[in-house]
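Have a look at this one before I ask anything.
Naming follows writing order (A, B, C and D), and every chain is counted from residue 1.
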Amino acid sequence: MLSCGIDVGSSQTKCVILDGNAIVQGRGLVHSGANLLRAARHALKEALTEAGCEEYDLTIAIGTGYGRFAIPFSHRTATEPSCHARGAAYRYPGTRTVLDAGGQNMTAIRTNAEGAVLDFAMNDKCSAGSGRFLESLTDLLGIPMAQLKEMQPPSEKPLLLTNVCSVLAEQEILNYLEGGKDSEEIVGGVFMALARRGASLLRRVGLEDEITFSGGLSHIRGMAAALSEVLGHSVNSGPDGVYIGALGAALIGLDQVMKRTE
Amino acid sequence: MEDKARSAAGLLVDRYFRELDSEENRDRKVVYLFTSGGVSELFRTFDFRIVMPEINAIHCARRNLSVDLIHAGEDLGYSEGVCSYVKSDLGLMLGPTKGCAPFGKIPPPDLIVITHGGCSTYIKWAEALSREFGCPVRMIDVPFVREEGATEFDRAYVLGQIRELIPDCEKISGTRFDIDKLGEILKLTAQTVELWIKLLDYGKKRPSPLDGFFEAVFYMSPMTLWRGTKEAVSYYELAVEQMENRAKTRFSPVQVEKFRLLFEGSPPWPRFGEFGEMFWQWGAVAAASTYVRLGCACEGLEMGPENPMEFLAYLAGLSYYNWSYGKKVRFLEKLAKEYDVDAIIANSVRSCRPVSIGLLDLRNHFAREMGIPTLFLESDIADPSYFSSVQILDRVNTFLQGLTERKKGRPRRQKA
Amino acid sequence: MFTSGIDVGSRSTKVVILDSSGRVVGRGLRLTGGEPARSAEEAYGEALLAARLDKGRIEAMASTGYGRRLVPGGDLQFTTVTCHSIGAHHAFPRTRNVLDVGALRSAAVRLDENGRVHRFRLNDRCGAGVGRFLERVAESLEIPIEEIGQVALFSTSPQPIPSVCSVLAETEILNHITHEDKPADILRGVFEALSERVASMLKQVWIPEGETTLTGGVAKNAGMVRALEDALKTRINIHHDSEFMGAIGAALIAMEYVQGRARAESGP
Amino acid sequence: MPISKLIERLRARLDDPTYPEITEWKNAHPGGKAIGCFPIYAPVEMVRAAGMLPVLIAGAAGGIGLDEADGCLQSFVCSVGRSTLELKLDGFLEKLDGMMFPSICEISRGLSGVWARHDPGKPVIYIHFPQNTRSESAKSYLMSELNRVKDILESIAGAPITYDALLSSFARYNRRAELLARLDILRAEHPARFSGSQSYVLRLAGMRIPPEEHSAILEEALRELEDTPEGKTPKLRMVMLGAFCERPPVLMLESIEENGIAIVADDVLLGQAWWKKPLELTGDPIENLAGHYLGEAVPNAVVYRHDGRPCDSLKLMMEKTHADGVLIASAKFCHPAHHDNSCIVRECEKHSIPYLRIEYEEIEQAFESIRLQVEALLEARERLPFAGTGH
């Protein structure tokens, strides 16, 4: 028996396939682009190949993310916070608080051992798009994403970015560029700014140990480092953080099947 | 089931706008009055035609006229940050339309009365109108209501100002002040308020026969426009009767009532229907809301119309948006308890500071300290460009799915 | 006599070389990226090559754009507002309204009878980043930026994009994509929304008599131009060098500077 | 020390969010209490008369990020509102023994309510200044408000506020007002000797210290300025309007002035120049204060004026200072300013007064777009000869 979770995000589409014992069998990650259906299919295909099975082997498929309604082959959809809570609580069982930082939204979620959403807070309307912002930062500064992922938050006093609006933040950054600040400093400042924003969201739902960092930004090392620095507290994060939403969806899928069989 | 109360309210609104500029009323003087803390009764006594600039803005927004009017307002030099009610009303009155709205022509003012109840933008708004129409401006400054409530000094100050208005009203309207007439009008107001509260109280029933926000705002119009008239009284008698029938048949506007909500904040008028659908499709009904009580029925009347002037001053002080954060929170706690709600929706509107300041603290207070799930949303009262359907829908769905899970006997929330 | 103008924009760096008749004899274009100075150097080299000139022949150089101070060897530095106005007025002498729509910043300028800057406005907070926004839209629709303008012309039922905020507009676009709306209709919707914003900025300085000229990279975007003309209810001048207008303006200033110097030396 | 040195010295500690001045004052005055005052005008005279230190709390001016405050106040709230709350949430204001909010706008009113939630146990004083300034009942109402505030202040200070104390406090503030006025005249006459940004720093220095100490600094400045040489004459003399509440960053004024514009007058820190004429030093001080507020407060955007002409102050300033143009500088999301600006713009258009409309935020640290506009304005005025030749 196989459960599949597909997380169609604004910039990336993720897929995770679990077996009956909730062991990961296959994963897929592709750029979402303009055709979300295609993206979902590609991500699914990747995952299926890795799992060494076919689409008809799937017992259930759960869709989540912005594009969740665009997936014809999903049996049911679940919202991001539910999936991230569930996924995080499974991946890091101690998890009580989750920060999901994706392309469009940052969401802080308070959860329990079962991975149920107890409370959540999303970013202010005007501070949407932080993930996309990092993307556009790369071509504003002319440094590739790969390099950005390796960069670290500044050790000493970071550059202070005051704008929460990513459009205005770009102008602010240009001002700094003109002022002769180098890319390192600016990227560091951006990491810190985003981390501080995430931290204040987390405090809104109430910080509770352990804290897990999930979503597209979580596998940017500098971001994770910045977040734990701002919180003055360790944060669960890893390269697989980007899959946590899809993982949660797949787990919710398992729950469904279990209920049915009961 | 057809909503008689709503269509009747609609007719009263149409009649109000029709009579504003009808032939037989042309010789009656016109006063522009701001709603919050506005004491229309005083001006009814002098038989003024009463124009409420906010109501103009609301009806433009409900009819999706605001976008162009707001642009017209911005062409007058008002910047993007300025309240969209102001921009669309000034756009309507001073822009190319020159006061001609599809729902009726707004006559120019002979007198403008600022009621400074919770919003200083009224002052600027009134100044702009008076600059254009060159008519006198008077003010009723209603002190901000602190948590411990209005003081005797606050009331004395308001009372004094109302007294001072009378000579001006007499001069402009050419009618002598008749306190008995005022008394009669205020009796009707008191009745109207009592009926209105009775109507809203039906929200306490399970299932709630009315939606205390998405339906009640429409039942609210006569309260605002016809306060102090027989029309208002008989309207609310009809409305209460309808609710009684609904209650008998255990009717719910959402067929099956799954969640009971409490709404705080103003309606996003241009997309109000769409907004309501987002909740109704989940079987979520607004058992209560603060917006529909903001006029003068916040907590019910603690005083009768026996002393007309004092009663008038008292009414002016009842504007919900002129309340301090603490007083609002206590009131919401009361409503949440009495109406036994599952969750609170706090809708912040960009244009309006009195509505929006403190809503995030309010969210944190209820969600964390009180353990009542609370959703914070952002939109605007008149500018549709600040209503991001996708974002709001996503948040509402996420929130209500969370409520569903909790209702399914999922582990109860632990205190933070 | 040759002069050169360098426009270091947030997105791209443009260089032109003019001959004494004010004719463009060389152009250079580079993405600005993180090192404006280098991009400018390269674009300048490209322009010299195109003009078959060596540095020595350039008598004066003026710079504009956000990075105007970062350019080595710029004798003169002027704002985009001034340079685009001069460029636009040079290209279309009857211009009274100039609209410069850049990647991050846009400006609306009213010129007086003599083509001097009379009043101007910069985009407000939520109207910022028009050019950038279009790039992102093109990217998310997977249509080359050069083509989105043409594509939009085929729209039959434009999709409304109500949001003033380009970030939130992106989510709305995403939503249209999910509902598989035609790219042409989405783009048309985007252009209409953007024109509304830009137009309301221009209206603050607008003078009906006299022509309106659009400068900046966006001018090459047929769909956007069409939408703007609808929003402003007027024809808009588009020059084939619209993208280089700032640089041309700068080069013209440099030329005046040289001539002024010459007059001063020859004495009264 | 030379004026430039003095300014440098003052500027160094201007925006220290830890408010060392309060600690120093409290050390010097054991048992002394400090009361925070939100802009624009709160009855500081009364606070001082109670032997306490009134501190103008007008945000953090770029020193800190607004992450905590952004969790409480929406992004459409002005920076001064958000960064003032941020100071509280970051624990910088623990030294305060109370906080006063005047009824200037919705933000101030709203904050007065939210504040208590974040600072339980400490007194939060909201004071309602009558907007209906010509109502017969306004004066008695304001007196009742002032007396109410007086009682609270007395209970914080643990001592009564005597009439004599009030009157001598008035005298101190009158003195400072007089010195500020002299500096204003000097600046208007010799902007090349004493710049707008310098004058601004001198005034900022008064935010956290008692008026008498501030006066001492101002006197020193006046002495220094006597024999300070003239700098180079400005290209354009402008008055700056609309910045009456939120502090424009000093750097902003400097980057405007370094382009050759002289800011010969402005309405920043309006609270310090709140009175048109000195406070009466005889009679019932409470009555004096109330009467003065209703009759002698300078025209401004947050006190309703029945002659209702926001441009009065503009004309006044321009005549007094022979300015060539107006710098309409309002804080982002400052409603009162935005409303009045639209009138000021119309006024400028009508009399074809050159003007620039800029928006700033206290927390901003880079001013490219403002510099851009200033430079563009100057370029336009320098009438580049080739413009119009059209080739």
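Quick notes on this structure:
Definition applied: a contact is a pair of C-beta atoms (placed from the backbone, for glycine too) under 8 Å apart; a residue touches a chain by one contact, two chains touch by 3 or more.
All figures in this text were calculated on a predicted structure; none of them were measured in a lab.
The chains touching chain B as well as chain C are A, D.
A count of contacting C-beta pairs for A-D and for A-C identifies A-C as the more extensively joined pair. Chain centres here are Cα means. That of chain A falls 45 Å from that of chain D. Each chain gets one centre point, the mean of its Cα atoms, and the points for chain B and chain D are 35 Å apart.
For this pair, chain C with chain D, the centres built from the Cα atoms lie 40 Å apart.
Shared contact sites, meaning residues of chain A that touch two or more other chains, fall at 66, 124-126, 128, 165, 171, 174, 178, 204. Residue positions 77, 79, 360, 364, 378, 386, 388, 390-391 of chain B are each in touch with at least two other chains. In chain D, the residues that touch at least two other chains are 71, 74, 76, 332, 368-369.
The touch graph of the protein chains shown is complete. Chain contact summary for the complex, chain C toward chain B: residues 124-127, 162-165, 168, 171-172, 174-175, 196, 200, 203-204. Within the complex formed with chain C, the chain B residues making contact are 71, 74-75, 77, 79-80, 384-391. Chain A contributes residues 10, 33-36, 66-67, 69-70, 104, 125-126, 128-129, 132, 136, 139-143, 165-168, 170-171, 174, 177-178, 183 to its touches with chain C in the complex.
By the touch rule above, chain A contacts chain B in their complex via residues 66, 78-82, 110, 112-114, 116-122, 124-125, 128, 204-206, 208. Put simply, chain B touches chain D in their complex at residues 76-79, 81-83, 86, 114, 116, 118-121, 123-124, 127-128, 130-131, 137, 139-141, 143-144, 146-147, 151, 153-154, 156-157, 159-161, 164, 324-326, 328, 348, 350, 353-354, 356-361, 364-365, 378.
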